[in-house]
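Shown next, in structure tokens, is the structure this report addresses.
Chains: A, B, C, D, E and F, in written order; residue numbering restarts at 1 for each.
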Amino acid sequence: MKKFTHIDNQGHVRMVDVTDKKPTERIAVAQSVVSMNQATFEKIQSQEVKKGNVLETARIAGVMAAKKTSDLIPMCHPLNITHIGIDFYPDKDTSSFRIESNVRIFGQTGVEMEALTAVSVAALTIYDMCKSYDRGMTISDICLLKKSGGKSGIFERKTNNRDKRL
Amino acid sequence: MKKFTHIDNQGHVRMVDVTDKKPTERIAVAQSVVSMNQATFEKIQSQEVKKGNVLETARIAGVMAAKKTSDLIPMCHPLNITHIGIDFYPDKDTSSFRIESNVRIFGQTGVEMEALTAVSVAALTIYDMCKSYDRGMTISDICLLKKSGGKSGIFERKTNNRDKRL
Amino acid sequence: MKKFTHIDNQGHVRMVDVTDKKPTERIAVAQSVVSMNQATFEKIQSQEVKKGNVLETARIAGVMAAKKTSDLIPMCHPLNITHIGIDFYPDKDTSSFRIESNVRIFGQTGVEMEALTAVSVAALTIYDMCKSYDRGMTISDICLLKKSGGKSGIFERKTNNRDKRL
Amino acid sequence: MKKFTHIDNQGHVRMVDVTDKKPTERIAVAQSVVSMNQATFEKIQSQEVKKGNVLETARIAGVMAAKKTSDLIPMCHPLNITHIGIDFYPDKDTSSFRIESNVRIFGQTGVEMEALTAVSVAALTIYDMCKSYDRGMTISDICLLKKSGGKSGIFERKTNNRDKRL
Amino acid sequence: MKKFTHIDNQGHVRMVDVTDKKPTERIAVAQSVVSMNQATFEKIQSQEVKKGNVLETARIAGVMAAKKTSDLIPMCHPLNITHIGIDFYPDKDTSSFRIESNVRIFGQTGVEMEALTAVSVAALTIYDMCKSYDRGMTISDICLLKKSGGKSGIFERKTNNRDKRL
Amino acid sequence: MKKFTHIDNQGHVRMVDVTDKKPTERIAVAQSVVSMNQATFEKIQSQEVKKGNVLETARIAGVMAAKKTSDLIPMCHPLNITHIGIDFYPDKDTSSFRIESNVRIFGQTGVEMEALTAVSVAALTIYDMCKSYDRGMTISDICLLKKSGGKSGIFERKTNNRDKRL
């Protein structure tokens, strides 16, 4: 059984010591999904509301949030991420947007939390931009899709019922 | 049809002008759900891993994140929130924790985004604390449960299939 | 001769005490100008580079920076600004963009620094977005155009040679 | 024609991927100019107002702002800058101060934005410290003077009419 | 016996709810003491090292830190403080500086933590500025000297042996 | 006599240039002491107040503050620390807790300020958590216990009367 690396022997919270780790290339890919009313979905997509502004604002918010990850998640190491990309995949059938982030670094620890923070804050920003119109929007399916680099090696999420959006 | 208050007539992003709004008491309640393997769930709940530390760390992270909301969500007003509470509801059947936040202020604008940011970052913190053990955890069902105060009045989420956790 | 309100009798830096000031409505309008090569100007304006993205990113950066003013300018009071708007005025003849910000609050002290910070960071963001193409861009004409509210009353900038852009 | 490295093929904003870049020594030198009334200029320079406090506060603000660059400029990479110096050059004839910053790093990307942010915030701080006395001050001539390191090599600003202050 | 207002009935950390509190004028005065070698003390005081720069930098750092208090102390409310002053009292006999802060607000909760954070970070800054010369410096006697405003009324520290510096 | 590395030849504050320094392993150990009434001490230690929550919150606050050091101390370099640990040593005889931090990095400059910031903010957090019960608490004995790495080599604090707590 694997151990919780954030909890020491007495159960106290701790920041994992990565001082002696070798830097390697690290990649993490994460996603979130924002579901909404059909009218809200169409309004974002249509030219009426200058499509793109809601998503561009969310994209910028997600990138900036990824840079703040260690300020938000108590035991995260501060990292100088070298790339963060965010893409949106609209799904008309479910009136939702899937958000996917891709974060890279050459460093001593992984960037999963940065990728997850990016898609979470991008989703919250869509909510904020549209909330006067649709307070019932839901954010779901926030998960890690893939990671590589480091001792724990490659992780790829196996799709299942919960992942029907992938 | 309601308008997008964050988009002006030319479709440009803007911060809503609330200068002339009367301050009123505002409350917002939001939730998120973190689902995991049964073994991870039990480890958090059991004495072995000093139950409470993972959740207490997530609670603190959520409170601190709520205070940073206007720094994360581009068009949010900076606010001096006067209360933020975060509670955890474990559900053994689904090996998941439901997180509920309650935010209050006496001010000119609502605190929905603060409540949503709190539950999102609390959930991300649970992920971070346990990720070495269970990378497949999922965060879902992030939504506003209730808000009151302000011109738009009271909102209460109607439960439906998506809300089976409530 | 007016006194420097940030310097006390011994010449030490100090934050002005506004505890006993009555809150009033405060408005501040400021500007900056970003000058560039004609090719860079046209590229931003044309559809080729998806006009609007550079400026929308600058707008968002300016709004977010206004919220951080008291974190950047040592003796500024933290304020909960209630509105920040940013507009861009392209000038083909000089291959430049004039940026104008408008900040409002109902509070005990003015928002000039917030308005000036907004146009400065919006201008820096345009520089950053286009710097791989035109490192010689210049930012100039950063000044307060107007303020109202508070004991010092209304200020309106008189145009002169330096203000030929207005 | 060079491309905009911050805009991808679909025109979406993106953080440039520098993961695979070799670290090299990077230097950037930037400037800004703050112009004011003669009386304000003399007051800062004279012993009356404890000359140096206004400028020392501006210097500290500029150094601290350089460290926040990636938090202010949306697509900037977070960087651990290894040196930031700020100097002031008073010019009695024009009642103005030229501010020059010098930033260094051994890293994968340049520090132009850090140098420009430093001189911008130092200038804004001078404005803030003296604004009760002279609301008409202007900040201008913000530009990159020099950069070295990285694939794009050395850049040195050619002086022209706009640069009469150099 | 008084209760811990930050701990709820189940012992969970919480931010105290001050939504219904009446705003009143609040003042807090706090201190810290930095003790050092005689040579370091004299160097700070003498003209050689441009006396005042170490202390002015510490003063600015203390003011800026007071504004960040709610970002540092997990359960502190975000507050818009309306005044922060910091003074230094050199004591030649003990080669030390006593730092005193004075913070004011008209608000719903007190500013003790802001006053204590200000003197702590001002002291740490003195340490940082002089540490290459004297690594053995000690910071001590950080305490609240006085507070007024709010339901708990006036607090004044009674001097005792520990407070010999007052 | 050693020089003040933060002050240049004209006495101006400056960030030390470490661009050309070789990265080495750096460790810093620091401490603080929080003294309180016996009743407060017992309440924290006993099960009544869910012992551990006060200290766990202080631990998390200390870790998060260490990551913000360069944002608090004006001339500190931004650093990506690779480990921060915080431990508490209760002393029943003096009704006090000694807090010890341990910070590590492989980098170009030391982490003394990070270690000192961690113990200072952890101590302030204990104060905040218990202040409604005991406003007379004092924080003292903040000092560097040990450092290694870098050109200045190893430092170990010699115990003396002031260090009776070690």
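Rule of thumb we're sticking to: a contact is a pair of C-beta atoms (placed from the backbone, for glycine too) under 8 Å apart; a residue touches a chain by one contact, two chains touch by 3 or more.
Bear in mind that the values here come from a model prediction, so they are computed numbers and not experimental data.
Shared contact partners of chain A and chain F, listed by label: B, D. Counting C-beta pairs in contact, the pair that comes out ahead of the other among C-D and A-C is C-D. Among the other chains, B has the CA centre that is most remote from the centre of chain D.
Homomeric contact chain B/chain C is classed as different-residue, with under half of its interface positions used by both copies. Each chain's centre was taken as the mean of its CA atoms, and the one lying most distant from chain F is C. If you average the CA atoms of chain E and of chain F, the two centres end up 16 Å from each other.
Between chain D and chain E the centroid-to-centroid distance comes to 32 Å (mean Cα coordinates, whole Å).
Rounded to whole angstrom units, the spacing between the C-alpha centres of chain A and chain E is 38.
Residue positions of chain C touching 2 or more other chains, listed in rising order: 12-13, 53, 56-57, 60-61, 64, 68, 71, 74-75, 79-80. Chain contact topology: the protein chains form a pattern that is neither a line, a ring, a star nor a complete graph. Applying the touch criterion to all chain pairs gives A-B, A-C, A-D, A-F, B-C, B-E, B-F, C-D, C-E, D-E, D-F, E-F.
Against chain E, in their complex, chain D makes its touches with residues 52-53, 56-57, 60-61, 64.
Residue ranges of chain D in contact with chain C, taken from their complex: 1-7, 10-13, 32, 35, 39, 43, 49-50, 53-54, 57, 60-61, 64-65, 68, 71-76, 112-113, 116-117, 120-121, 123-125, 127-133, 135-144, 147, 152, 155, 157-158, 162. The touching residues of chain D, when paired with chain A in their complex, are 12-19, 21, 70-71, 74-75, 77-80, 107-109. Put simply, chain B touches chain E in their complex at residues 25, 56, 59-60, 63-64, 67-68, 79-85, 87, 104-106.
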